[in-house]
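The same subunit A turns up in both complexes below, where it pairs with subunit B and then with subunit C.
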Partner chain A sequence: MMINKREKNSIVIFDIEGEIRRSDISDVTLHQLVKEQLEVGRKQILLNFDKVDFIDSFGVGEILASYISTHNLGGKLKLARISKKLFLIFQITMLTKVLDIHDEEASALQSFFKD
Partner chain B sequence: MNEKRMHRLLKRVVDIQPEEARTTLLFFMYFFLMMAAAYVILPLKTSLFLKKLKPEMLPVAYLVTALLMSFVASFNSRLLQRLNRKRYVASSLTFFIAGLPVFWLLFRTGRLWVSMVFWFWAEVFLAISVIQFWILVNDVYAPRQAKRFIGFFVSGGLLGGVAGSLAASFLSRTKVLGTENLLLVCPFLLLAALGILFALPKSLAEMRPEQEVRKKGAPKSRVGYLQSLRVLLKSRYLVILSGVMLSGFAVTKFIDFQFTRALKVRFNDDERTAFLGVFFTLLLVASYLLHVFLTNRVLKVFGLRIALFIAPVVLAVGAVFGFFLPAGSAPTIMVWTSLMRGTDKSLSHSLNQSTREILYIPVPAETKVKAKVFIDLFVNKFADALAALFLFLAFNLLHFSIPALSGLTLAFIAIWILLNQRLFREYVGVVKKNLTLKWPDADKFVFDQVDVDATKLVFDTLESKQRSSVLYAMNLMDLIKKDKLSPELKKIISMKSSEVRAGSLNALMDVGGEALVSEWEDAIEDKDMDKEIREVLSLDVYQQLMRDRVEKIAEDQSEGAVVSQMEIAKALGMMAADAPLVQNLCRLLKHDSPEVVRYALESAGRQKKREFVPLILAPLARPGTRQAAAAALLEYGDRIAGTIKDFLADPSEDLKLRRSLPEILAQMKTQRAADMLVRVLKRRDADVQADVIEALIRIRSWNPSLSFFGEEIGVEVTSAVRKACILVLELFAARKDSQKAALAAEHENALGRTMKQIFGLLSLLYPPEDMMRAYQNYREGTKRSMDYALELLENMLRRDVKDMLMPLLEERPLDEKALVCRKILKALEKHPGVGLPT
Partner chain C sequence: MNHLSIAADLSEVDGVRQFLKDSLADIDISEEDGFKIELALVEMVVNVIRYAYPDGGGVLAIEIRKDRHRVIIEIRDSGLPFDPCRAPKPDIDEVVAAGRKGGLGIYLTRELMDECLYRRDGGQNILTLVKKL
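Right after this comes the complex of A and B.
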């Protein structure tokens, strides 16, 4: 798994590539990257799942931990461009009730300003 | 005077910012002039009344004033609706300025009714001038800003009162002008006040009348008594506040009546005006001294709660003396009534005036003006009328003596005290209501919305399908046992996908599509199925038969054995805890593959054997297995809290592992786990301290019934405040150097985190929800909600914490904050052991 960071309108975007699973991680996890941003005061975070094929329970834990850390500081964490299959699983497991998921990056970015 | 100089001068007497200096000084001068005029009119009102009428007519005057005041209040509300603030106050002032020479002319006619009308006119002036001043203050200042200046403005009013009284006393005693001619002095004072009004901020002129503020199409709000009464009745707080005012005003009226009656007996007309002049001067000097030396100190040291009780308790003691007065001794009665009136009025002018204004702070702005006008005009006068009725009955029908009237006064004081008690409780509640939660507790929100364990199992089941039908079946069984296999989920799980990557076993065992789920489902949904599998797995024969195979697979280092090892790791969790094969988990827990370790951790958590605990702890240091290790430890419950604490406190352990442990203790949510966290907190280990504090905050928010020792947490609050102060000083230093912008940003972020820690630590000792509201509004709220957050803290925190923390929290420029922080640090050096008793 590879995670690249970029910024747009002071929103931190993480482009994730590959699979978020426990067998495929380096020393730094997604949650740690998010926490680093929170520590420097960046509280609007978008996870771009365009190139994510699959996630396992570890990945779910990472996303939820990132969500909790961000929202407990009054920030916002959103997801964009997740695959149809993954979205369906998210729906069935009720994750869509918690996570704000957008089809496109642009609409996700706009939504930060509407909140 | 230039603004800098003005600020330097004012700063000596009031906590003020440079940009606030001009407006605040103008308000001070305005109130000074208004009160100077009021204290010329006040003795005139009484003296001119008694000159022509008997004191027995006073209850009639109170009653008539109360009735007529309802029309004044209604008219006043209409003016407030139609005129902007400056025009509203200016018109009133013009009316009063014009009225004074008219009365001067009328008094020359010698008609009796003039005294009665002047009494009423003076009452209206006294009430309206004070109300209007505080309305202007509320318009210009934010609640907490106003609170900072209330004392200063009250001082202005009192000094104005002293000046007015001295003028009245001097001019009447020396016969320079004579009593009635004093009426011609006041217009000059009011004209000066009018001039200041026009120099006040332009924003007041822009403060539109209420009817313009109303949105287009909104129904026209009705003005007048009934509408104001409805507003008041909707708020329990305002009803109690009215009750407090009513009982307090009634007590004042009883004392006033006794005093006026004694005056009539003791003095002739000119002596009386001169005495009143001296009396009011002394009264105001006493009020000013009380205000300077008592008000702020009482509010700061004891808070609003005690401040509310001082006046009624002191007056109750005074009223008791009334029972022992010798009947017919005019001088003694004069002294006693003077002392009672002096005490009542000086407390009313100083402490009570400040507390009265503070009590309006949590009232929403749109209600405040209506409620204030209604209470200060109507309730005040209604209290007069009520007191007048009692006095009429007491003296004209029941022929009460002074001691008997003291009994009546005591009864009203008792009601006053009881209502004060309820008012304070409501006050804190109303302040809290003003603090909305800016964001919910995300942990709670997520766990309320999602079954996280079941969700993870769904993903693991899907993942296992790609690897092994054995793992898949076992996960599926867990899922069905959790009753989470909905039709939609079945569809997803049974997706025959090209997306499924072929694993070595998958290729052979993927039977594909619906069939697998349906086949398994029928079997697995059989309630006895799980029991039967466990029984088979625990059979001695099975254990013996499988021993060699399991050990062989567990020892296998080849990559191809990983899936089989995952299957075994999962299966071991389904066996009885005493089954010999379960011991193989020790080897699997140390496996290199995080996938194998994850299943081994799940099984170890199910078996809950103590010897596994150190082996479960080790994977906490690795990101891929951290979540599963934490989940396994949580399965043990708080019986391993002590072991976790030992690892957490041991500096020789892996730091990543140690930093994961506080969160696990927090998730246990029990008192024992909280106690362990506090034990580590007391060690002040810099490596894990922040994590321990964070965990304590979380455990408290999950379980608010947990209790903590104030002393232990207080020391940490002090330490965090010290850290915050140092960060403020470092931030101040970094900001001065443009090259150090990055460092300044770093300090600012660190300061933000420390402030969060302070509020979090306070949430261990005070209701967590209140502290969360206070923190969120302090950090993210509007100026107004930030004020409410500070107000809540001021009324909840203990004095020692307040003294240390509030100056740090108050909004002020960084240079001033740095000064304040230096003072706090010095104070903490002198008293390093500041802590909170339990």
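Right after this comes the complex of A and C.
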């Protein structure tokens, strides 16, 4: 997994590439990166899943933990550009009940200012 | 029939995924069903690796059988007895409230596959997962 950070209108965007899974040997996790942003006061975070092609329950847990950490500090964490098969996992695990998921990055960014 | 034996180590998971893809290469299967089977297999293999052998070591064996109508995966290990087919369905609201990261993999597997069968025999956990095509 690779994660690149960029910003638009004070919103932190993480472009995630690859697979979010237990057996990945990355040094840093998605949740750790989100917490680093929260610690410096960046509480509007968008996760771009355009280039993510596999997640397992560990990945689901990372996303959920990122949402919880952000929500508990009064911030907003949203997701965009999730493939049909990954959305299926979110539906089964009922993450769609708690996460704000957008088809496109533009609509996700706009939604930060509408809530 | 295809068979693979591995050490109970997370570094083996990529090999398991490739073994599955090779095993299913000669049957007509949708991308969605292939994904569901792959994820279910990964979840159960990782579960054995993480919990079956608390003292480390250990091995597990995977057998894949298939025909035009279904794919059957059997996972055997000699670790602690555990029946994933009877684990309770998690409550997402409770998971969020408790701030828990885990606990969704077994439920996910059961939802992705059509059948989940467990038996303990000869000191082995024998888990059979069935996907109808």
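The working rule: the second predicted complex is superposed on the first by the 114 of 115 C-alpha atoms of A that agree within 3 Å, B and C clash if a C-alpha of one lies under 4 Å from a C-alpha of the other, contacts with A are read in each partner's own complex, and residues count from 1 in each chain.
The criterion applied here is as follows: a contact is a pair of C-beta atoms (placed from the backbone, for glycine too) under 8 Å apart; a residue touches a chain by one contact, two chains touch by 3 or more.
A quick note: this is a predicted structure, and the numbers were derived from the prediction, not measured.
J.: Once subunit A from each complex is brought into register, does subunit C clash with subunit B or fit beside it?
T.: With subunit A as the common anchor, subunit B and subunit C collide in the superposed model.
J.: More residues of subunit A in touch with subunit C or with subunit B?
T.: Touching more of subunit A: B.
J.: By the touch definition at the top of the document, which applies to A:I68: first (subunit B), second (subunit C), both, or neither?
T.: In the superposition, A:I68 contacts both subunit B and subunit C.
J.: Examine A:I89 and indicate which partner it touches, taking first as subunit B and second as subunit C; both and neither are also allowed.
T.: After superposition on chain A, A:I89 lies in contact with both partners, subunit B and subunit C.
J.: Please indicate which partner A:K35 is in contact with in the superposed arrangement: first for subunit B, second for subunit C, both, or neither.
T.: Neither partner.
J.: Based on the superposed arrangement, let me know which partner A:V98 touches: subunit B (first), subunit C (second), both, or neither?
T.: Both partners, subunit B and subunit C.
J.: For A:D56, is the partner it touches subunit B (first), subunit C (second), both, or none of the two (neither)?
T.: The answer is both, since A:D56 touches subunit B and subunit C.
J.: Do any residues of subunit A touch both subunit B and subunit C, and if so, which are they?
T.: 21-23, 54, 56-58, 60-61, 64, 67-68, 85, 88-89, 92-95, 97-98
J.: State the interface residues of subunit A toward subunit C in the complex, per the touch definition above.
T.: The touching residues are 21-23, 31, 54, 56-58, 60-62, 64-65, 67-68, 84-85, 88-89, 92-95, 97-98.
J.: Show me the residue ranges of subunit A that touch subunit B in the complex, using the header's touch definition.
T.: 21-23, 25, 27-29, 32, 39-41, 53-61, 64, 67-74, 85, 88-89, 91-95, 97-98
J.: With touch defined as at the start, can you tell me which subunit C residues reach subunit A in the complex?
T.: So the residues of subunit C touching subunit A come out as 10-11, 13-14, 31-32, 35-36, 39, 42-43, 46, 50, 92-93, 95-96, 99-102, 104-105, 107-108, 111-112.
J.: So in the complex, which bits of subunit B are touching subunit A?
T.: Touch residues, subunit B against subunit A: 438-443, 445-446, 449-452, 454-460, 462-463, 486, 488-489, 492, 495, 499, 593-595, 598, 623-625, 627-628, 745-746, 748-749, 752-753, 756, 776, 779-780.
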